[in-house]
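Structures given as structure tokens follow.
Here chain A shows up in two complexes: once beside chain B, once beside chain C.
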Partner chain A sequence: MSSWGSGLLDGLRVTWRNLTRRSVTAQYPDAMPVLPPRSRGVIALIEENCTVCMLCARECPAWCIYIDSHKEVVPPVEEGARERSRNVLDQFDIDFSLCMYCSICIEACPFDALHWSPEFEYAEYDIRDLTHDKDRLRDWMWTVPVPPALDPAAEEPKEVVAARKAADVKDTAPPGQEPKA
Partner chain B sequence: MAEWVEVVLRVLVVIAAFLVLPLLVGQTEHKAMAHMQSRVGPMYAGGFHGWAQLVADGVKFAQKEDVVPAAADRTVFKLAPAVALLPYLVAFVAIPVGPGLVGQDLDLGLFFVLAVMSVGVLGSLMGGWASANKYSLLGGMRIAAQLMAYELPFVLAAVSPAMAAGTLSLTGIVEAWQWWWLLWQLPAMVVFFVAGLAELRRPPFDMPVADSEIVFGPYTEYTGLRFALFLLAEYAGIVLLSALTAVLFLGGWQGPFEGALGWLWTLVKTGVVAFVVIWARVAYPRLREDQLQSLAWKVLVPVALAQLALTTVVAVA
Partner chain C sequence: MTEQRIVGLGAGATGFRSYERGGGDELATEDMVLNIGPQHPATHGVLRLKLTLDGERIVACEPIVGYMHRGVEKLFEVRDYRQIIVLANRHDWLSAFSSELGVVLAVERMLGMEVPVRATWSRTLLAELNRVLNHLMFLGSYPLEIGAITPIFYAFRERETIQQVMEELSGGRMHYMFNRVGGLKEDLPAGWLDRAGAAVAAVRRRLPEIRQIILGNEIFKARTQDVGQLSPELVQAYGVSGPIARASGVDFDLRRDEPYLAYDELAADGVLRVVTRDEGDCYARFSVLFDQVQVSLDLADACIEQLRSLPAGPINQRLPKILKAPEGATYCWTENPLGMNGYYLVSRGEKTPWRLKLRSASFNNIAVLPEVLGGCVVADMVAILGSMFFVVGDIDK
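Our next item is the complex of A and B:
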């Protein structure tokens, strides 16, 4: 049981302890925050990688990705071959006023056209300016950092494992025979 | 010739102290309160750790529109901030900082200061009444109740050192002060300090201006400079209460090297008490209205009376 008046001393003690400790406030505009790896700041787009497969727009839970495209006919590569048609991106907008930063579009993209950039200073005075078009999304690409190194005990990436397996098969295969994989 | 020059000088020094010291206390409150709450407080104004924050606030207040509510009692409404502020300025005159370092050394200094200080409360009452606002009126009535309750222990506690010293002159009290009065007059000092906090409506006794329930009490309708004057009055009140506590109970300029540094001792003691005022604001939650009243009547008044009896016995013996 606490004696009478100990609460009064407690109040003084707690505030005095805070007073004598350094505050941990980050002086944000003067000192930029140190963000952890894989920070979700803004979504960047490599337009060249995009095939307009629409997976990102369909998976988006907030329906904040707007894509439009048209088909272009590419002349045949060699004589007698068929003409190919190719999707050309007309519009790729992400409305960051709707985006919930869930990262599903980036996971869904099969061609690595979408990436996270840690940049976060894109506040606007008009909510309509929060819809970034494909050029602006392309510009964010310059701020995308290299992927962080793997943890020491992590599994090897799938690509590396597959490549090593292929190389091993090639090395052990008798000469003259092509490896299957 | 020389006489009136000296009078003018003294008045100017008192006015300068009256304008500077409250700002110092206010800035200390900004920063100390911030750090006590694990914040950093103002950081930008003036460049170095926001030292000019209150200057910036003053400029802001001066630029604001001076609004008087349509239903307000205009004369009383406009007069209230001056009534709240001026008594503290007048009381400053009688506070001795060092031997002879006083605006005007009055034989009845203590009586004068206490009498003038209680006039300041009238300003808040006037503001509460004249604002034509229910929150203001409620706040004003709470101030009146608080004044009624706390004036008694405040004065009773202040009487104790005067009786011990055998004089009502503030200078005389400091000169009669002995170090063991710290123990002998300790209950009176606590009562005086707590009752003073309550008279200033400082947290934890800020029920009349409790922003979470009656906006800002009597100051709700005030804007611009008039509002700034009320704030200045609050901080001038803190300085005055701290200085009075230092002079009555902490021995004023008494201390090592008092010959040369006496005035510094008074200022340091005043500063320490002012810091405790700020500290109490951060550390303690607001008292409820009934708790306010029961603290005054059931604790402070009996303690002050007991102290008075003790002082009488020791002084007579």
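Our next item is the complex of A and C:
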């Protein structure tokens, strides 16, 4: 076989060509990766939005959300109205050692209290520290990016539709009778 | 007195030339049992092979599976159809999207649900990108297993290119969790189709490098050609499917033979070609994988083109708060990158399935190993094992 070795040489040619190219290695701790906004890094919580409805904890397939709350009585807003009771969040923990990063809790939340953040640097030496409490989850909120714009052929996000509807109602209502926000 | 044992290259060495044999035919031999795995660098994952050796020859091979059994079918029964997707994309972690797809297709069929056309084409696109990712993994790892370390760097560079667009779309790099009953979780981000097209083009441009570096390599050919031949009869007897079956000349591909998603249109357009080989050896299996990547890239391009021209519309269906599949049963199979992946869904009208049986490709593909390995030499074991392209999670479920 006269051509024996030509395949080897072909391969070497590829490596030689690649030798002259820029390397694609990510220099991670020195250069941070640019992650897309939908990236599932860590779950952030807006405590103010949470009504302790427990949907996230119930829907979670790994049962890694721990919620505790108590009821508080709010004095009536107007004279003669009755007192209201309100849920106050005491504990909201997510155990990231159990979390499967499926984003069901975020979808399940009816009040947009949970969000994904692409932040990923929260490795710990102790597994117990992977359980983030509500303050730590609240802090992640600062890293939550704006959701990406959608494809032109996509339906409008429901938030945009709802906002436009509200604005239209406001515009068409006679002065002095704007609906309360 | 201890009994003197002579274990050497004896009867097992027949067929070798003298310099390979070390000993002679006349030497007495004794069978030896050799465990490969469950933790062994030559097997990916925790597959254990119990080999009985006569000298260098493998007399018998018994794959012992189940080290990674997670009881996924039982877990399915206590989860609703959204939670099942979380588990479904984990049994075969290299074909997460395709595995999710089977579940939602089964539920949609039970519900008689029409999926928006944009969702169908996006799913087809993502399933093909997932196939490329899966095949690139094996195009890199198989040469690595038999000693060629360079291709995996190129394969991973290509994987990264595609993973980036997948991550931008779904937020995940392996477990996409992007299918929902009735469509996809979210719509495509603006400009994503351009970036996906660019990624496909970049992979297509650099793919010949993988061919040049490994497919023509004489050492690689010597290790794989005429090694581990799998006959079409064995393929049918054991229910082997996917690229491995097609490398043995079994021309069967669910994308063409029982089309789901948009594959019937793609097959009619001639974009979907089914790659087959007749040799049935390790080299054929590897080259089927390589050609399938190119077909998948063509399919991805066709899907991107189609998605651009589709009118604006939704990408998913509004679902009720509690989704219940009506009473009944259905079997939904899809052509996963590694072979046929089937879900047999039995529902009694609850929000969880009564039974969801999973037929995974790797289990059947690995079941044929004893037939292929019997009579081979130990040195070929790794070459054959690697060419069966399996994921241990897919075997053990």
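Heads up, the rule we're going with is that the second predicted complex is superposed on the first by the 148 of 181 C-alpha atoms of A that agree within 3 Å, B and C clash if a C-alpha of one lies under 4 Å from a C-alpha of the other, contacts with A are read in each partner's own complex, and residues count from 1 in each chain.
Everything that follows uses one rule, which is that a residue touches a chain if its C-beta (ideal position, glycine included) is under 8 Å from a C-beta of that chain, and two chains touch if they have at least 3 such contacts.
Here the structure is a predicted model, which means the values were calculated and not measured.
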Would you sort A:11 into first (chain B), second (chain C), both or neither based on which partner it touches? both
For A:40, using the defined touch cut-off, is the partner it touches chain B, chain C, both, or neither? Pick first, second, both or neither. second
A:104 contacts which: chain B (first), chain C (second), both, neither? second
Go through the superposed model and pick first if A:155 touches only chain B, second if only chain C, both, or neither. second
Thinking of the overlay built on chain A, is A:116 touched by chain B (first), by chain C (second), by both, or by neither? second
As a test of reading the superposition: which chain, chain B or chain C, is in touch with more residues of chain A? C
Touching partner for A:27 - first (chain B), second (chain C), both, neither: first
Looking at A:19 after the superposition, I want to know if it touches chain B, chain C, both of them or none. Which is it: first, second, both, neither? first
Shared contact residues on chain A for chain B and chain C? 8, 11, 14-15, 18, 24
In the complex formed with chain A, which residues of chain B make contact? 32, 34-40, 43, 279, 282-284
For the complex, give me every residue of chain C touching chain A. 79, 82-83, 85-87, 90, 118, 150, 154, 157, 160, 164, 167-172, 175, 177, 185-193, 209, 212-214, 216-221, 307, 310-315
What residues on chain A touch chain C, complex-wise? 4-8, 10-11, 13-15, 17-18, 24, 35-36, 38-40, 59, 61, 100-104, 107, 116, 148-155
Chain A contacts chain B in the complex at 8, 11-12, 14-16, 18-19, 21, 23-25, 27
